[in-house]
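Across the two complexes that follow, chain A remains constant while its partner is chain B and subsequently chain C.
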Partner chain A sequence: MSAISTMTEGLDARTTGQRLVNQWLASLGTARERGQPVAYVFVMGNAIEILRAFGFEMVFPEINSLQTGVRKAAPDFIAQAEDFGFSPDVCSYVKADVGLMLSNMQHPSGVQMPVPDLAVASSLCNVYIKWAEIWERRFGTPAFVLDIPGKRFATWKSPAGSPQHLADARWVEGQFRDLIARCEQITGKKFDSDRLAEVEAHVNEMIRLWIEILAFNQHRPAPYNSMLDGLTYMGVLNAWRGTLEGVEYMRLLHAEIAGKVARGEGRVPHERFRLVFSGTPCYVNMRRLIELFESHGGVFAASDYLTYAAGGLDSAGLFYDTSRPLESLAEVTTLASQMGLSNHFFSHHALAQQMKDFAADGIVYHGIKSCRTVATSMADNREYVTTKHGMPTLYIESDLIDPRYWSDAQIKNRVDAFFELLEQRRNLQSIQER
Partner chain B sequence: MMNDVEVSTGGIDAADASMTLMAVLERCFELAMRTGVADQEQPGAIGYFPVYFPEEIVHAAGLRPHALLGGGNKLEVRLADARIGSFVCSICRSTTEQGLNRSLHGMKGFFTQPICDAAKHMAGIWGRNFPAQPSQILALPQNVNSSASVRYVYDEYQRLRSVLAAQVGHDIPDAAIRASLHVYNENRRLQRELYRIRRDDPARLSTVETYLLVRAGTRVRREEHNQLLRDALRLLAERPVRPRDKPRVIFLGGFCEQPPLEMIETIEDACFIVDDDLLIGQRWITEDIAADDGDPVWALAKSYVEHSASSPVQFDARKPKEEMLMRMLRDARAEAAIITAAKFCEPGLDDQLALSHRLDAEKVPYLVLEFEEKMTSFEQMAMQVETFAESLLFQ
Partner chain C sequence: MEYVAGIDVGSTQAKGVILDERGNLVSKAIIDMETNMGAAAEEIFQRVLASANLEASAIVFTVATGYGRYRVTFGDLQVTEISCHARGALAEFPWTRTVLDIGGQDTKAIRIGDSGEVIDFAMNDKCAAGTGRFLGAASFALEMPLSELGPLALQSTRPVRITTTCTVFAETEIIGHLAKGHLPEDVLMGMHHSIATRCASLVRRVGLAPEVTFSGGVSRNQAMVVLLQEVLGVPLNVSAQAQFMGAIGAALYALDHVRAGRRPEHLVKEGAR
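And now, the complex of A and B:
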């Protein structure tokens, strides 16, 4: 019997996922005792496969920060950062992390967060780089900036093996080789390409299952809510990426959701509207946000968040060729960046496609006050999708973890009005069909 | 104040030997404050978002690089507010407004760069709203510390070259790029000389004047700009100078969104600004590019990686932000710093804090200011600056 099934027998996948995330968090606090080097990484463009091959324990500061929101500790951490001098206009994740540093790395989960031996910041979010500079100043840990070129324009085509793809992949591979040299220096270990291939094989299996799990929500009723249950699933995908435990969890999750589909069980008892969510969650009020939609029989069948915050490999069914692990890592990372991770800037086509694939009734855009990566042009995107595709859309605004930007009455009013629109639209359709 | 100058360019020829310094500055003012691109403008303009852009390739294609510098404080934003988040900086908003109100309708293309997350979105906004203007991200790297960096920049520049060649309908030969490198090398030499004069003799050349002289280059072909700068340098040498006693400061925060001219004037009323990062992209390359040795595009790419300035929006392990600040203070023989950031500019705001901490540690006086290109009231800022300058004079 596997480690996962022993630990979680009889539990559903969401509870198991929460336990795994907590187990991972707890393990961060003991990394030093185990003699494990520690790397700080982000969810987009992190080269985790290489780091895992070297035996690094991975800290995701984004997850640390969102956890301060989930655990209702974010206001205090953010206030500490603002008292230190950070502007209210700076990303609240960054400020929560600064608050953690100013709290002697004592995370509200109870874990004493380790300081990094290595920090990898990709260019997929420029704030990552500024964040890594803060660590440089605080911990003296030099940042390793991984530049991963994204899409250059909306209809950008750079298929696998094309000259453009190979040029970009060569660039990424060159940086991976630099990263490997730095890892060798830090850990004193030689790079082991067989171990990299092993990690990649686990990632391949996790992604294969993840793609099917995402597709299960094309069924009506949708078996899970992308922006509630899906967040837990994705947390495991990130934290346990490239591990046997991660593979086992995905199998468990896959089996559970397949069962729900077979039995016709939906997340919402009487599913009336299927929606696509674009943007990031509001972790301090996510349950409330979901409740506002589910009370109208609305379910988030799909979300772009479950692609770009999960590494982007699902965006085009990308898998590593483990017979040439490093080269393939560079090629796939490049494609993932261009097809899944840089989509915020040109997401109108992808959202329209998701609407079709998931037979959705509308798109909900969630603009984040402090996240320009995701939210800068959402309103423009919405205008395009509404006028070109005639799709019902809703735009609401709050923040990732800063509760000052959550206005319950205003958001509720907007959500209620949106469902009125959907109801009217449906009534009109049924009249026309008669 | 230059803003009060009645602008008249009629009959002024940039190459006219009898031109006065005031006439050169008036011409530069008129050019610098142009924000639109007319429909039939020739040569065709390729718009680019800050900070740096390899203009030489555009120039070699026979086109005119047009730096998009926002709408300033004369533009009323009416259409863009509905398209862009409320938490996004003014330059993204006003650039979008200029697209929507058709004042940039004459542009033949639009490029933005991964300088920040908001800037990356500009390519999507442009593509959705102005499909007739090809819009792209020129993916300049955030890692210039890899042995593979030059090669990557080279590949990206070659891609740009192909896009522009398709635009003009013919190849862009190496010889044309070499010729453009020479024109731009001269332009940067002239800009460096301008900055040297302002640093060594700030009473001779103000920062507003320096700024206008540099900014004018974003609106004409560089040959014409070179002539303007040559005229200005010649005439500056003859300018009578009245010594004045003001503290010497450096100004930071003007690398992307531009502070209003009145803000620079407000600071200059009380201080000599002896170095700055205003329009830093215009002099991003810090040394002459080897125009005649080997592949000119490679030389351009190599210069970007190895001989370039710094800004909050590019990571370079060789150039820690605080060290660059201290070097700038030393080189400019400045006694204090004015550290500004545009509202909602996350990279600028992050650096503003880090630099302030370093200045605290070094016991260097500094003033922190936040600005927006659209601001129109400067009374409070004037009071802050005057108080700061007095504290420097009497410390």
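And now, the complex of A and C:
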């Protein structure tokens, strides 16, 4: 019997997922005792497969920071960073991480977070690079920045195997080779191509299942809420990517959701409206936000977040060719990053497609006060889906984890008004159809 | 004769109206808000009843709106002020396609479709800049009643350019300009202009479509009407009942239910979530 099935007997996939995330967090605190090197990585463009092949323990500072929000400890950490001199406008994830550094790495989960031996950032978010600089200065950690070519324009296509795709992939592959040399230097180990292939095989299976899990929510009623249950599922996908435990979890999750679909079980008892969530969650109040929507029978059937924050692997439609692991890693990373980023840059077509695939009644945009990159394109994106597709939209604003930007009465008012608008629209449609 | 009530519990004032079964306005009342929203709602309800010379039992359906709508314990249904203001504006100006409502702490722009449905809305976010509160700060700084601000501003010949719309800093901004020797009317006109510009931006966000109806307490300020017409480039509908648009809209929703044969006892009571 496997480790996962032993620990999860009788538990649902969400509870199991939460346990796995906690188990992974706890394991970070004992990495040094196990003699494991530690790498800090981000959820997008991270080359985890290479790092895992070298035996690195992976710390995701973004997940550390969001966990300070979930555990209601973010204000203290953010305040420490602001006392140090960081502006209120700086990414609250970064500030929570700085607060962690100023708290002697004592994370609110109870874990003594290890300092990194290596930090891998990428060009997929410019804050990543500045964040890695902080670690380099504070810990003396060598930072390695991957420059992954993005989409050139909205309708730009670079199909798998096309000359453009292969040229981009070669550029990325060269950087991976540099990264491997760096990892050999830090760990004192030789690169093991077979081990990389083994990790990739696990990722392939996880992503294959993840794609189907996302598609299950096209069913009506949607079996899970993308922005509540989905966040836990994705947490496991990220933290356990490329591991046997990760594969087992995805199988368990897949079977559970498939069962719900077969039985017609929905996340919301009486699903009335299907929505798409665009943007990043407000981890500090996500449960409350979902409650506001679900009380009106609204479910987030889909979210672009579940794609880009999972590295975009599901959107690339490519799997690793384990017979040539490094080349294939570069090819998939390039395409996955470009496709995943289509949720950030030139995103309107992708969002319109998601809206159709999931039969959405509306789109909810969540602007982030401390992330101007995410929020910058929302106004014109919103205008596009409204005018071109007649899709009702709601724009709300708070933050990733900074509770100062959450105004409950204002957000509730907007959500209530949005559902009144959706009701009026539905009533009107039914009158017109008569 | 049966009657319906609309109660609008806002951030600075509570408003109430009673309509008869034909939709005629029977009575209205307005009071300044107290800390206890529930008590304010009860008081406004008693006032409209007294003004109409009616007993509470004559009211067959009550809809509550505004931020305090869930504190209206006798309300049968809660509807947001977005829907209510749209409904109230349409009742008086049927060709309304855009509503601008400037209240005490909230400014909202609402776009209405050809069938009278709300198709989009935008509100000020977490900040009272560009709301009535900004004028309240001016009234305090100049030691002048709110009702005199607009007429005085209209006497301005050389409006001062005001760069901030921050309500917190409004007072120091005003004092600073007066200290430099600017006339109160010029400072006031500058303040009105900065609010109008900010509110016009909210209107453009939902897509300006005529006719535009201006509601809320600030619509009684003539200088704001003049400036908004200038900035938006369209004439504005302003009702004599502009402050009561939300309450009237709420009462009209109540009337819909009565006309459809739905009574309060048919509803599942909803608490504040």
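The definition used in the following text is that the second predicted complex is superposed on the first by the 432 of 434 C-alpha atoms of A that agree within 3 Å, B and C clash if a C-alpha of one lies under 4 Å from a C-alpha of the other, contacts with A are read in each partner's own complex, and residues count from 1 in each chain.
The working rule: a residue touches a chain if its C-beta (ideal position, glycine included) is under 8 Å from a C-beta of that chain, and two chains touch if they have at least 3 such contacts.
The structure presented is a predicted model; accordingly, all values stated were derived computationally and were not measured.
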item	value
Three-chain arrangement built on chain A, chain B and chain C clash or fit	fit
Touching partner for A:Leu244 - first (chain B), second (chain C), both, neither	neither
Which superposed partner A:Thr373 touches (first chain B, second chain C, both, neither)	first
Partner chain(s) touched by A:Glu397 [first = chain B, second = chain C, both, neither]	both
Chain B versus chain C as contact partner of A:Ala215, first or second or both or neither	neither
Chain B versus chain C, judged by how many residues of chain A each one touches	B
Touched partner set for A:Ala316, first chain B, second chain C, both or neither	neither
Contacts of A:Ala201 with chain B and chain C, given as first, second, both or neither	neither
Partner chain in contact with A:Leu421 - chain B first, chain C second, else both or neither	second
Which of chain B and chain C A:Ile186 touches, first, second, both or neither	neither
Closest Cα approach, chain C to chain B, once both complexes are overlaid on chain A (Å)	5
Doubly contacted residues of chain A, that is, touched by chain B and again by chain C	379, 397
Complex interface listing, chain C residues touching chain A	67, 78-83, 115, 117-123, 125-126, 205, 273
Chain A-touching residues of chain B, taken from the complex the two chains share	82-88, 92, 96, 114-118, 120-125, 127-129, 134-139, 141-143, 145-148, 151-152, 155-156, 159, 312-313, 315, 317, 320-321, 341, 343-344, 346-347, 349-354, 356-357
Touch list for chain A against partner chain B, complex	84-87, 89-91, 94, 121, 123, 125-127, 129-130, 132-134, 136-137, 142-143, 145-147, 149-154, 164, 167-168, 170-171, 173-175, 178, 342, 344-348, 367, 369-373, 375-381, 383-384, 397
Interfacial residue positions of chain A with respect to chain C in the complex	291-292, 295, 379, 386, 392-393, 395, 397, 405, 407, 409-410, 412-414, 416-417, 420-421, 424-425, 428
